[in-house]
């Protein structure tokens, strides 16, 4: 059956839509949103980390940039969500390009360290920027009856596609998550993916075999960063409140690494599996155990998988079936 | 007479205080079979690295096919027609043998081939090397000779005008050495210029039309294989007397 | 007049700060610079040591510097353990650099979360007779003040740095460590087990965390997340100094200390992380081998 993947995407999107119409308990939206966000974040991370072998420790930085770009745009002229997403993506992409420009000519270690330092610097910068609320954070008022291309999207009183903003943003996040998976898969199966794979296997040989290593690494960094920024942009509208510790949360740092690595980094399926699995477990655990314990478990899992099962869950399954 | 395909002029390369190459000047003619010998540490691989672009030389110039290579990144030099193999083979270990070859075919050519065309071209080369039956195998299961052949096959897949083979025969049996020699001569007959770095003297003798010898970063002898072997300077360099 | 006074005080504090930074970075200079193990958990482990110091000071009233010395062997043993794990699962198999890095990041994370769970997120301080006061002097009509705690940190850090440098230069083991950085094969041919050398060297690097942690809690109030603020700082120093050069690390520490101090004084302390980050990027862009480094960055 051709277009299996595309049909699957449409089906998932449909399921997400039906979910929003079902009137289900609010908690599930929150959990679902978080998981979908992680699908997008893990997939984005994996484009550079899994395919290319260059680790980004500063995911929180890119997400935070996306969130605060959205906030700034709302403060500035009450920008619509779609504009927020696009601009956040562009800015995060540019930041990725800049940091990559300085560090991707060198060993992967330097890029990794620079991204870690970058996240700190960005959070510090936002902490001191009063326009977006500084350290205290800022409340976001969602638009009362938002429209897209003249169609009413959300209206509490009915007559629009969604009954409240959270349903709409949930669906939007689902759309973005699917979009990011589509991007990752397209890259994986195309020339860029093959080039990145060669770079990951042996960069010096790849360069000598005609692969433009710097160009491909920069491309992957920009795409990865942009997708992360886009994921971050939806956050403020969804939470209706944002402050630096939330936008630049520690959790993002460890999860964006753990989910792809535990799922399997060599294919787009890995981050999806990892994020849905780990994301669900975390959402369940959050109700029962402290968030610190939750993070500790993720950290231990990461170390375990990195040490003992580097091919991840998907890799393990594939080996079994060989 | 043949044109000079590669002109190396006064090339110097330093690593901190250590001079790896000192004013090396030589030429390789189009279609030539060129040998490069010298004791360990004499700078042979360094010279290759400077030609392929893996390293940047501090002094001198390298001109390939009329183009000054200065400032050109390695992958651009590959596109211009230079490829090299590595002393210790560096296969793309997560890919099959076929996929290893597809990388240079896909990335070096100016025109874009379809995936089928690329696979065909890869298969052709594998057949020439006698490795067609292993096309879909992982690189982890390969023997030494197979790894060396893969290394060569990959470099050849880039359709180079100049192929630099860096000690492809080290550690191989006599028969395996002959196998590799046969491959190199075959491609040379099809028009490929080849520089061969080797320690196995009989291979150098059989293969090369001209040979240069490096010692401690300097060019100490140049000539036909027969002359090089008789050269006193070369003898001293190898035997240390 | 006021500007000059401010600037000179900033420079002075910067030198003191540089000494403190040197204590933080010197362990990493050994682990990353000489052994090529990218232990990004290093600053967080220092914070762990800082908490240990806090405990000894708070519960037993032990002077923080003494406490730092006391816990040093603990961190040496920790270093042996971590390197053994690292070697077993990563270096021995020549695993992708990515995995080793992820391993140390996992360690960083686990360490930080364990500290949050044990100590909470409040800031902790230690008390000692020299903390809280400053040494003041008046020179040429300008007033200079050096907080004693900075002075103490500077003195201890200098002693540490000189001691380590001497050890690396004079002792057999120290020189073996420099050798293992340059040529592992040659070392093993001389009958020395390079893995053992690396393991002990890594442990040595990690043992500096003991005193470094004590100095940290003397100089600033600590909480579990503070380690991450020093990552850019500490790596900037090691990279600026040049991989493989301890003396380079020391000089770089002073440069960074002065830079951060001056920026803090004139633009506010919250810009400090940006300074180290800017220096890090600058070095990587223009001279990745650093001031005195050897070895390849590509």
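Quick notes on this structure:
The first chain written gets the first letter, and so on, giving A, B and C; residue counts start at 1 in each chain.
Methods note: a contact is a pair of C-beta atoms (placed from the backbone, for glycine too) under 8 Å apart; a residue touches a chain by one contact, two chains touch by 3 or more.
Keep in mind that what you see is a predicted model, and the values were worked out from it rather than measured.
Fewest steps needed to get from subunit B to subunit C, stepping only to touching chains, is 2. This structure's chain pair with the greatest number of C-beta contacts is A-C. Of all chains, the one whose mean C-alpha position sits at the greatest distance from that of subunit A is B. Note on chain placement: the centre of subunit A and the centre of subunit B lie 44 Å apart, centres being C-alpha means.
Centroid to centroid, with C-alpha atoms defining each point, subunit A and subunit C lie 33 Å apart.
Across the assembly, subunit A contributes residues 200 that each touch 2 or more other chains. In subunit C, no residue touches at least two other chains. Across the complex, subunit A meets subunit C through its residues 49, 53-55, 57, 99, 102-103, 105-110, 112-114, 116-118, 120-121, 124-125, 127-128, 200, 250, 253-254, 257, 261, 290, 292-293, 295-296, 298-300, 302-303, 306-308, 310.
Subunit A makes touch with subunit B in their complex at residues 191, 194-195, 197-198, 200-202, 204-214, 266. Taken together, the subunit C residues at the contact with subunit A in this complex read 38, 40, 85, 89-90, 95-99, 101-103, 105-107, 109-110, 112-114, 116-117, 225, 228-229, 231-232, 235-236, 239, 268, 270-271, 273-274, 276-277, 280-281, 284-285, 288, 296-298. Interface residues of subunit B facing subunit A in the complex, by the touch rule stated above, are 52-54, 73-75, 78-79, 83-84, 86, 90-95, 99, 102-104, 106-108, 154-155, 158.
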